[in-house]
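Same chain, two partners: chain A is paired with chain B first, then with chain C.
Showing the complex of A and B:
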């Protein structure tokens, strides 16, 4: 694509805590579908987004079993976004802050997720056409 | 290529006891160590990071003591010593009943009205 861009995102919110995460995933999805190259750095609670042991659950309030509920796990969204990026001719690079992973014990990430430091995010931003930091608020 | 980054810090004292620092200050120290050209703008509650004499020591849960409490003004002082400019919004300082002598040395006070001009000097603005 002629106008292929490189975009860098920093996410900070833990899963299932904030609508900001869904908004971030929408933005990443839009970029992936357009074939842009996307780098994501997860800081603090956001490192749990890719935790491999996330599990869907049934929901008795909804009256649905596990299969019917089809509860979303962000790790599956990351896998799907990565596949979408490749399908569209782009790339999605997902990197977790290593120390943030260690202090939370969420080292088991889905395949393709890397480990890094703030310097890696700085390098992503240096290489990117634009950068968006989406921090935890409050 | 070395983009100049302004870190705008507004959310304050977020998990500082658990982290033993402010996570954005820590992040800024890390990227500065890697060679980034960066500055910090403290606004809102975060201007309080510049107040001298803060002491977060003494917390204990059961027998588990916090032996290395955060030292936010110390972290700022060390950041300034690394050549990082740290700005504070004057109106936000005044609104909290603080006066310049309450603050550590090396902070650069600026009026709210000149913040857009400050931002214009940077390639990237990261609002935390």
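Showing the complex of A and C:
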């Protein structure tokens, strides 16, 4: 694509806690579908988005088993977004803050997710054409 | 001249700094002559309803700010586009990517 750009995003919210996560995934999806290179850096609770041991669950209240409930896990969305980026001719680079990972014990991430430090976010922002920080609510 | 993309995710009735800080920031930047887009998303779309709290948004629009409301957030909250104040235009979230690609300085609130 002629006008291919690199966009960086910083996420902070833990999974299942804020609409900001949904919006962030929508933005990353929109950028990936357009073939842009996307860099994501996760701080704080957002490092759990890629935790490999997330598991879908049944819904006994509504009488649905695991398959019927089809409960979404963000780790699967990250995998899908990575595939979408590659399909569209771009890349998705996903990096977690290592200290935040260790604090939360979520070191087992899905394939392709890296580990970094705040300086890596600075490098991402320096290398990107633009950056959007989506802060957790103060 | 710098151009800006301001993303408001909160309802003006939910956070007192929405109108007094973020809307004012958008209007102030526009009055200085900068192109400014205010993109309303999540609960940020509630004030876009005609008659809800549109006086504050009308003032932002009069300053020259382009005000867009995320179509998905509107649908999630059951707000039909014909209920929007005329100063607000429904838009897909792709617009945010377009503006980022253009190099707009972006801020999320």
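Operating definition for what follows: the second predicted complex is superposed on the first by the 137 of 138 C-alpha atoms of A that agree within 3 Å, B and C clash if a C-alpha of one lies under 4 Å from a C-alpha of the other, contacts with A are read in each partner's own complex, and residues count from 1 in each chain.
One rule holds for everything that comes next: contacts are C-beta pairs under 8 Å (C-beta built on N, C-alpha and C of every residue); 3 or more make two chains touch, one makes a residue touch a chain.
Just so it is clear, the model here is predicted, and its values are computed rather than measured.
Participant: Taking chain A as the common reference, can chain B and chain C both be placed on it without clashing, or not? Answer clash or fit.
Facilitator: Fit - chain B and chain C, as placed by superposing on chain A, sit side by side.
Participant: Quick one: is A:43 in contact with chain B, with chain C, with both, or with neither? Answer first, second, both or neither.
Facilitator: first
Participant: Check the residue A:87 against both partner chains and state whether it touches chain B (first), chain C (second), both, or neither.
Facilitator: neither
Participant: For A:133, using the defined touch cut-off, is the partner it touches chain B, chain C, both, or neither? Pick first, second, both or neither.
Facilitator: A:133 sits against chain B and chain C alike.
Participant: Answer with first, second, both or neither: which of chain B and chain C does A:119 touch in the superposed model?
Facilitator: In the superposition, A:119 touches chain B alone.
Participant: In the superposed arrangement, which partner chain does A:62 touch: chain B (first), chain C (second), both, or neither?
Facilitator: Neither: A:62 stays clear of chain B and chain C.
Participant: Which holds for A:7: it touches chain B only (first), chain C only (second), both, or neither?
Facilitator: second
Participant: For the overlay built on chain A, what is the smallest gap between any CA atom of chain B and any CA atom of chain C, in Å?
Facilitator: Checking C-alpha atoms only, chain B sits 6 Å from chain C at its nearest point.
Participant: From the superposed pair, tell me which chain A residues show up as contacts to chain B and also as contacts to chain C.
Facilitator: Touching chain B and chain C on chain A: residues 131, 133, 135.
Participant: Mind listing the chain C positions that touch chain A in their complex?
Facilitator: The touching residues are 7, 9, 41-43, 70, 72, 92-94, 96-97, 100-101, 103-104, 106, 108.
Participant: Looking at the complex, which residues from chain A come into contact with chain B?
Facilitator: Its residues touching chain B are 10, 43-44, 117-119, 121-123, 125-126, 131, 133, 135-138.
Participant: Quick check on the complex: what are the chain B residues that touch chain A?
Facilitator: 1-3, 5, 11, 14-15, 23-24, 26-27, 30-31, 33-34, 36, 124, 126-128
Participant: Please name which positions on chain A make contact with chain C in the complex.
Facilitator: Going through chain A, the ones touching chain C are 3, 5, 7, 19-20, 23, 26-27, 30-31, 34, 36, 129-135.
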